[in-house]
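All remarks here apply to the structure that follows.
Every chain is named by a letter (A, B, C and D) in the order it is written, and numbering of its residues begins at 1.
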Amino acid sequence: MDILSLLLVLPVITALAILIVKKDQAVRWIALSGSIIQFALAIGITAYYVSLRQAGATGNMLLESSYEWFAPLQIYFSTAVDGISLVMILMTAMVVVAGILVSWRITKQVKEFFFLIVLLSLSAYGFFTSTNLFVMFFFLELAVIPKYLLIGVWGSGRKEYSAMKLALMLMFGSALVFIGILGLFYFTGAQTWDFQEIAKMHIPIETQRILYVLLFTGFGVFTAMFPFHTWAPDGHSSAPTAASMFLAGISMKLGGYGCLRVATYLLPDAAVELSWIFIIAASIAIIYGAFATMMQKDLKYMNAYSSVSHCGFVILGIAMLTKVAVTGAVMQMVSHGIMTALFFASIGMIYDRAHTRQVDELGGMLKQVPFIGSAFIISGLCSLGLPGFSGFVSEMTVFVGSWERTGVFYRVATILACASIVVTAVYILRAVGFAIWGTVTNKEYLKFKDASWSERSAAVLLIIGILLIGLAPFLLTNLIDIDTTSIAQRFIAVVGK
Amino acid sequence: MSASTIIFYILATLVVVFGALTVFSRKIFRAAISLLLSLTFIAGIYFLWNVDFIGALQIIIYVGGIVVLIIFSIFLTHHSGQSLPKAKTGKKLLSGIMAVAGLGFTTWVVSQYVFKPAPGVVPVEPSVHNIGIQMLSYSDYGYVFPFEVINILLLAALVGAIVIAIKKSQDTEE
Amino acid sequence: MNSYDLSALLIVILPILSFTVLGLFGNRFSNRTSGLIGCASLVTTAILALYVAAGYFFDFGLVNGEHVKHIALQFQWLKFTDSLSIDLGIVLDPISVMMLLVITIVSSMVHIYSLGYMKGEDYFERYYAYLSLFSFSMLGLVVAVNIFQMYIFWELVGVSSFLLIGFYFTKPSAIAAAKKAFIVTRFADLGFLIGILMLSYNTKSLDFFTIIDRLTQVGSPYLANFTATSFMGMSALSWALLLVFMGGAGKSAMFPLHIWLPDAMEGPTPVSALIHAATMVVAGVFLVARLFPVFAISAPDALLIIAYIGAFTALFAAVIACTQTDIKRVLAYSTISQIAYMMFALGVAGWGEGKMEGFTASMFHLFTHAFFKALLFLGAGAVIHAVHTNEMEGMGGLRKSLPITHFTFLIACLAIAGVPPFAGFFSKEAILSSALQTQPLIFYVGLFTSGLTAFYMFRLYFRIFWYNPVPEHSHNHETHTWAMNIPLIILGVGAAFAGLIPFGSFVSADGKALELPFHLTFSIAPVAVGLIGIGIAYLLYGKKNEIPDKIASAVSGFYQAAYHKFYIDEIYLFITKKVLFNLVGRPAAWFDRTVVNGLFINGSAETAVATSNAIKPMQSGRLQSYTMFFLGGVLLLAALLIIKFM
Amino acid sequence: MEQVPLSHILILSSTLFFLGVYGFFSRRNLITMLMSVELILNSVNINFIAFNKYLFPHQLEGIFFTMFIIVVAAAEVSISIAIIINLYRRFKTIDIEDTTTMKY
């Protein structure tokens, strides 16, 4: 068995093991150890990949393998990785470990909860590794159902409404994606699902236009692209902590990855012609998401809207089509994945104790629960793009990359995006000022205990991730350099450089 | 015009008239009796056509079995002498239009089509003897298999009817 | 890597080390240990900085009598494209070495001072961690080789300032001040960022010196390209530089971005001394100085705008300073005014023989100002520590109970008032003379401001130490430890004698030694104005009397406006609270909830439900209607088939 | 022997059929609807016999089908009556308009 399949087999084994054992504590430990092994495996694969590249391996994707699934329709279970999918896998593995640690204290239907979490992680791994569009779609769909259940069963507030809304909107997105990939299958004359094969085809521009808009919009729904973002605030606010982390950290990245890998990469001519649509959508999402965030009173709503704003950078970077911008988009995906996971984790920890997420009801958290308060501040500072944290490097890369597109339209979009960092500062500092700083407003809060070992280790893990990218961004950029180059080469004629 | 033809038309008229009474009568018991008569006259047509066995079956099963069953059920579910509620006019109109349209359409089709009898064949006497032989024959064109299936169907219907109609203890308590 | 480079590297690294140690393990240390760790690292950097400065100014930096830039370290941190990358590194040139000296000395003084001042406070180790973080960021800022490196540290400086202002995080006013400081400077940084993007795009480089080269050489294609497009009468280059200056204006509290600085006084007083007087707030001046060749050679129009903004701010802040009653706020407005001095000094300078004095003068003033302003703040801190209030009402007649503070405070006041031979006299002198050469209007504004400065500083001085009679049995005895007094004395020495340094031979725009002009006749006017200011202050505030109130009520409209800081805060509040929140934020949130979510998303869901409700009656449960549909369908199909095949 | 034309017989059976259809649609009582169904079945039976007699006199298939239909009808009626009685017990009525719980 090759090493990439192991990446998919391991979650399956973990999930089965979770189903077999009876005790809740055993379930937790199995889930945790499975995810840690998975994380180690992801690091191992990355190291192996790097060694292959250093040994001079060429080719867009490495570690290819393919198993027959349904040959008459050309559906093969093909997996391969490149730098971009590797960083996404690493990010996923990290967030999964943290998510499981954060959910340690869940007591309701423990077995089912962890089973769904592992299933969700499986779908992300599958999505990021598969090179067969159909299999990719399969995993994209697979990701929706656990989310629905996680929110619907373990959520809070208007959970049924949120779960249904999320599921329906994501299904809508995946319907568009499915039409798109069917189009790729039939109208390109390729009769193959393998996107490396399709990439070599010359697809007529008329076909490209339609498919590009379909695919980009479809994946855009997953990335909470304006105006298809409204599942995010409701979904996040109702979801249990770990589900929020996964939703924002991983699942929104499925969309970004799809926008880049499928929509933009496979349909370069249409991307050049029509990316302005998504630049507009992204600019709106960035600035308008930021302003909407400013008015939120619920911490989770706040972070959800800020995710909309931040994921706008991903879309913007992808749609700008320059190498630097695409690099920035990938970095932003990873950075936002980890950062927002930390944000949701700390919000969840606060909520577990205070049973409220309203900014004006909280206060003095830094005094009562210094660790959680600090984690919140760190994620906030990362979110507003403080140097040293991952948010800064990725946003700056997007800005520099976007600025390379000349023309008033692109400049205005970039300036709008830049302007959002001010608004971001406003809402982050408001939240920090009211909820974390200040005096304790409620006598109940005096009894709070600071983070438990599991919460601590989750937060520390994520903070390490944030700092690693923030302090040594070259690790990330070197890993994805060759891939972003090959993507950007497809637009070189238009964009220049 | 031979006597049998005349008899046929008379019988046909009676069938239709009693059929209509079945459908239109607002006293359910009368409807049942009209049905009984209509079925009997159909049996008469069968006799006229020399398919005695079917005629006999018609009388035994329909007239003697089914209609009696229906009448029993009427006794069980109705107070005697009660007339049925009027159907809604709109519904009546709609079903009337449907029926007339269907009838007109079928009649038109029938009148357009020319039926051709199979040429030069030796007729088979539809006697009980012939029917019985073919019914139980297991060679070509034998009906033993459908016959057995029908047996099972009847058995199933028997059991089914009992199961459905049986009074459950909790039903009585309700 | 020679010992100088290594020391330069250590200067930057040591504070971050102490930050890491204190941040991660600080809660395990006693307060004393954490304080000592912080002080030790900063004192070491100060010594190293002296070593490096000595080496630079007299040894390795001096090539053929010129001070040349020396890159001590440079490595690529984040590569965008082949030409654009963020490099981190350390550059040693006159201004950065001078800044290293200022920062490390003031910072180490503040560290030591805080041992006494912050004694017994909660989160003592966190305070020292933040101070170290700030020192690191500021040092990283001044040695930046790359404009993006400067931006990175610029932001870090901003956040450490935010954390320190909000150090008393349970106090609502401190929270508000911290937020305000960060957001206002962040807004300014937006301009900086866009400026960087424009510069980098047009010069294909992020390296400071490459940018300067490409934009100053005559006939450079980059320059030609950049200045080709213009907007509203100024070239794109000028706009880019003005945007960069906007960042500087935010940090340096230039009008109209000055509003955060007075509020920032909510932080602990030593922090105000370090960040909001001596170091961080001059970052804007430093930024302009760093890009000075580009400003002076290629965009003199932008420089002129800077000069006028500086001059206006200087006057404006000085007027407000005369009316404030919170002693730290007086100092804050004085800081704004003094930084504006530096700014317009840069603005009036130009490139070429005889025009560059303004640059040196500005840097000189920066240097001396750091000493006397830090001293003023620390002195104010000592006073506050003794009387437990910031308001002038609770003070007066403290000269006996706080002798050391009194003496050093007086030196600082004389220095800032420009009385010879104290430090401020020389630098202010140089600024005014260079202003007179190019922009006489600015000279007169500067002169008048100088008088105001003397007035409000001595108002402060008399108000604290004289005014009321010395109380007989004061419990306000100087209870300060050596930790608070030693920094006061050291800085006092600096404030008294720093002006005697022949600054021009060390720091100049082009590296060549420059003799700052000194004309006895010229300096009569500024000194006279200063003395008049002091005299008026003595008359009004030397003893308790009625005159100040009378004057205030005589010009009550103007006085009230100045007292309320000319209502700039209120205007900002109006714009942010009323306009941005109510006219942008709230509609955006409303639009999202109602239109996008309500109309599009829930709307489509409701349409689906309505449709299903509309066709639901077909599934009526009525056998007859089902069969009717069935029959109708059959008839229709049969008819169609027959018609089709007949 | 002179015969009745086949088309007349077919018209008879279709008349009977559509009478049944009309009854099925317009009646509200389940038992009367059942009777209408019987009419429909009988019209079919007539058709079978007539076709057998007129068009394929050498075969007995029509007769067999008629027999099976009769048997199936018997089974159908017995089940229907059982259902009707059951329905009556539950709803105290066998009016089709009132027993519409199986909707939506």
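Definition applied: a contact is a pair of C-beta atoms (placed from the backbone, for glycine too) under 8 Å apart; a residue touches a chain by one contact, two chains touch by 3 or more.
Worth saying up front: this structure is predicted, and the values here are computed from it rather than measured.
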- Along touching chains only, what is the step distance from chain A to chain B? 2
- Pair exhibiting more inter-chain C-beta contacts, B-C or B-D: B-D
- Task: Give, as an integer number of Å, the spacing between the C-alpha centres of chain C and chain B.
- Result: 102
- Note on the structure: When centres are defined as mean Cα positions, the distance from chain B to chain D in whole Å is 5
- Task: Indicate the whole-number Å distance between the mean C-alpha point of chain A and the mean C-alpha point of chain D.
- Result: 65
- Query: Taking each chain's centre as the mean position of its Cα atoms, how many Å separate chain A from chain C?
  - Reply: 36
- Any chance you could list the residues of chain B touching two or more other chains? 91, 94-95, 98, 102
- Item | Multi-partner residues of chain C (at least 2 other chains) | 624, 628, 631
- Note on the structure: Every chain pair meeting the touch definition is listed as A-C, B-C, B-D, C-D
- Would you pull the chain D residues touching chain C in the complex into a rising list? 21, 24-25, 33, 96-97, 99-104
- Message: Applying the document's contact rule, which stretches of chain C touch chain B when the two form their complex?
- Response: 624, 628, 631-632, 635, 638-639, 642
- Within the complex, which stretch of chain D touches chain B? 1-4, 6-12, 14-29, 31-32, 34-36, 38-39, 42, 45-46, 49-50, 52-60, 63-64, 66-68, 70-79, 81-86, 88-90, 94-95
- Note on the structure: In their shared complex, chain D is touched by residues of chain C numbered 616, 619-624, 627-628, 631
- The residues of chain B that touch chain D in their complex are 1-2, 4-5, 8-9, 12, 15-16, 19-20, 22-23, 28, 31-32, 35, 38-39, 42, 45-46, 49, 51, 53-54, 57-58, 61-62, 65-66, 69-70, 72-74, 76-77, 84-85, 87, 91-92, 94-96, 98-100, 102-103, 106-107, 110-111, 115-118, 121-124, 126, 130-131, 134-135, 143, 146, 150, 153-154, 156-158, 160-162, 164-165, 167, 171
